[in-house]
Amino acid sequence: MSKKALVIGGGIAGINAAVELANNDKLVILVEKNGELGGNVNDMAATFPELDEAQPLLDEQKSKVEDNENIDIKFNSEVISVSGKAGDFKVEINEDGNTVAEEVGAIIVATGFNYMEPNDYSEYGYSRLDNVVTSQEYERMVMNGDIKKYSNSNVVFVHCVGSRDRVKGYRYCSKICCTYSAKHALLLKQEVPSANAFVFYIDIRALGKGYEEFIRDAIEDYGVRYIRGRVSKVINKEDTLLVKAENSLIGNPVELNADLVVLASAMEPQKDSKELAEILGIETDDYGFYKEAQSNMEPVKSSKEGIFLAGSCTAPLEIRESVAMGKAAASESLSFLG
Amino acid sequence: MLEKANDWSDTFYDKWKPIAMGFVNGAEKCLQCGKCTGQCPAAAVNPSYNPRKIIYDLVNGNIKRVLSSVELWQCFFCSGCFATCPVDINFPFFVFMLRLGAMSQGFGWEDVKQLEKYAEKDYLQDGITVSPEERNPYVIEERGDIADIRQKAGMPRQREVSDEAIAEINMISDLSGMTNFMKKIGGVELYDCSKCTPKIEEKCKSKELPKKVGNVKTHYRFYNYGVPIGGADNA
Amino acid sequence: MHKLDKLSGIREEIVADIPIPEEIFYFQSCVASNKYPGIESCTLDVLNKLGVKPFVSEDQTCCGGFVTFANVAAPTASMPAVARNISLAEEEGLDICAVCNGCWTFLNEFGHFMNGNDEVKESVNMMLNMMGREYKGESNIFHIGAMLYKLKDRIAENVERPLEGLKFATHYGCHYLGGGKYGAIDDAQHPSFIQELVEIMGGENVDYTASGECCGTGFTQVINDKEKSLDHSQMKLESVRDEADPDFVIVLCPYCLSQLDRMQQQLDYRRDVKLDIPIIHITQLAGLALGLPKERLAFDAHIGGQDRFKKALNKIGIDY
């Protein structure tokens, strides 16, 4: 008799893992902490590098899970204990307040990332000044049309907030904010052609198929202006904001009046990632991202047999890689499901 | 202009770190992000001052350029860069130690010379670095004698520092080598540019100050990180 | 406007660690003593009024920060000088209260350095032993601004001269917030504790763009490169004048006070820039609210803003 599989986290990675398993006639329990599927993609207006609308794409993915009778979705639920070994795990799940026990053959962890709230970055005035928002808040502003009010305005996109920062943030690079900031600048120019978009960067990291071209298009076709230099300060100047930075290719300090400042904040591990690692008995790296069995050859295996990793709970990742990891984790787990 | 990176010193920073008493650390962590320069008050008013470039040269070993630069002496010591640096580089301490390094190579004495009186006359003689004597006549005109104001406020006409205290700081100065150091500064003669002749100017441009006094051989500094708008004479 | 209600940067854990002692070693500042004696008289009176007895020592010298960072004294000379001054407070078993950002960071930073570095501490003590002193590293060094913030409830109880109808702008000064980013009680970019004190005293806060900028002394630049120093002060003071137009600018540091005050005169003479901005120290602010007589406030030592001083002080009933 074949065993069930447990997928923890109903983001884009978890969804794809669950669907893949269901397509292989396995029974899947999908545990989602919140009341809806989709994770961070719920906050997304469009996706790079093709600028497809994100919500229809996500709805299509969600429906694959919701309409699937092999998948038992448990909303508002969390895993509270795990015992046993690969092929024969006993898990307890807190489902909406009630504890349920299940037996599963394999576990896929797809709990995703947390988007850092840059409250410590007082130099950027986040949560202190009006019109300073995070990139995630900006995606919402695109969806509900709030960005329309920035016609004839200067909008400044600030890279590496909380990433590449040993003091107040993380030493790592969040990998995709270069590309999504280009997306944001591009969306601005499409929706509000009269607005000016300025992007302040340290290095441009466009690490993916079509990403470099995407950013070049923003510069070449849409006139988005890129200034090399990490923003030093955002301060209040009468009714607008004043952005201070160095133009480090020229070597001079620059100031820029801005009407909206968008902070590309870091993708950080879920706050409770180390606790879940403890429950599962798997390892994390120093930050709290889950650690692979071997970083080159075993990208979806955790440090414990029978437990697999998918998506941005392992590192900052874009959708495409999260999806691929979800599917890969599903196929690797098949061997423990009998 | 072409630079020969072969000539850079790859050991200076490593050798220097321990000498600098642990005050300077982590320059190799610098991301060259420019967050420091973007808010730097000295960079805002000086055309070629840029802390990021100084760190870059330090780490990469182009130390000659740093030490012989005018820019090294333009830092405001405001610590604004330290406050926002993402890797916690305490740059003003670097400047402080690098200036000592520059002096050991004969650079920057003319700046230090101007400050000599604060140490010699005020600090070591009175124990107070700011003298009660006002050096600015316009201030006296506006305000009068500070001793009167102190008296009106019900305070002694002058703040007293005990004789023992002054003797003690002088002893510290002798023991720690500060007195000797001051003697060296005393030996430096300031070069008066208002009395410059074309001949001296020629010499001055070919690097050295014409005068060599005491043990200190002083050198002319250069705008090593770019010539200010209006030319180098615009200093 | 700063949205203080949204997120205050005050570090409550540091404030909580500040004791309210019965007595404290008042560390005298050179600039205060010899240029702005009102800071000195106000510190003494304000501390007394708030129930903290200031202890003054004639054995205390300058902290040594200026000559050190002006490179006229080697750091080897500064360590023992710092240790010597701190040891005076240790002899009395007191913590130190500094009224100057420079003294505060310098004592703190070099003190910490010696505490974490036994070799240096030993060699420093060898020198101090010769004069019968010893540095132990036991006294804490607090900034008067932090002390006043800690004592804000007592201030509230003792306000005798509410500062109603007066507008205040702030200049915290680089070496308190930026240089002291690990020891200051407030956030380096959006500080608010002075504003809170002003509110307690009944005054109104006004803001200006350059509030976070350096005063412009640039430490030694005001001596070595005066034009650049003036450039910066001009930018700052014009922002104060045009955007905030305050009755007073509150500073935490006598050196900043001296720059912002005296450069007004120089800007007038050299560049025909007209400014009339009273710059006062936080202890003078407290002195105003706690009802000190005008002689103790000693505003006649200030150069800039004398017309505005008169207008503002008359508003709260001081015949100036």
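Letters A, B and C name the chains as they come in the text, with residue numbers starting at 1 for each one.
Everything that follows uses one rule, which is that contacts are C-beta pairs under 8 Å (C-beta built on N, C-alpha and C of every residue); 3 or more make two chains touch, one makes a residue touch a chain.
Keep in mind the model is a prediction, meaning the values are calculated, not measured.
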Furthest chain, CA centroid comparison against chain B: A
Between the pairs A-B and B-C, the one where more C-beta pairs touch: B-C
Whole-Å separation of chain centres (CA-atom averages), chain A against chain C: 45
Separation of chain A from chain B, taking each centre as the mean of its C-alpha atoms, in whole Å: 48
Between chain B and chain C, centroid-to-centroid distance (C-alpha), Å: 24
Multi-chain contact residues (two or more partners), chain A: 123, 233
Residues of chain C whose C-beta touches two or more other chains: 188-189
Where chain B touches two or more other chains at once, by residue number: 44, 84
Chain A - residues contacting chain B, complex: 123, 160, 164-169, 202, 228-233, 244-248, 251-254
Complex interface listing, chain B residues touching chain C: 21-23, 41-42, 44-46, 73-80, 82-84, 92, 96, 99-100, 103, 108, 111-112, 114-116, 118-120, 122-123, 127-132, 136, 138-139, 142-144, 146, 149-150, 152-155, 159-162, 164-166, 168-169, 171-173, 175-178, 181-182, 185
List of chain A residues in touch with chain C within their complex: 119, 122-123, 125, 127-130, 233, 235-238, 242
Footprint of chain A on chain C - complex, ascending: 1-3, 6-7, 9, 187-190, 207, 209, 212, 243
Footprint of chain B on chain C - complex, ascending: 28, 30-31, 33-35, 37-38, 40-41, 58-62, 64, 66-77, 80-81, 84, 113, 117, 120, 127, 130-131, 133, 174-175, 177-179, 181, 188-189, 213-214, 216-221, 223-225, 228, 231-232, 235, 262, 265, 269, 295-296, 298, 300-303, 306
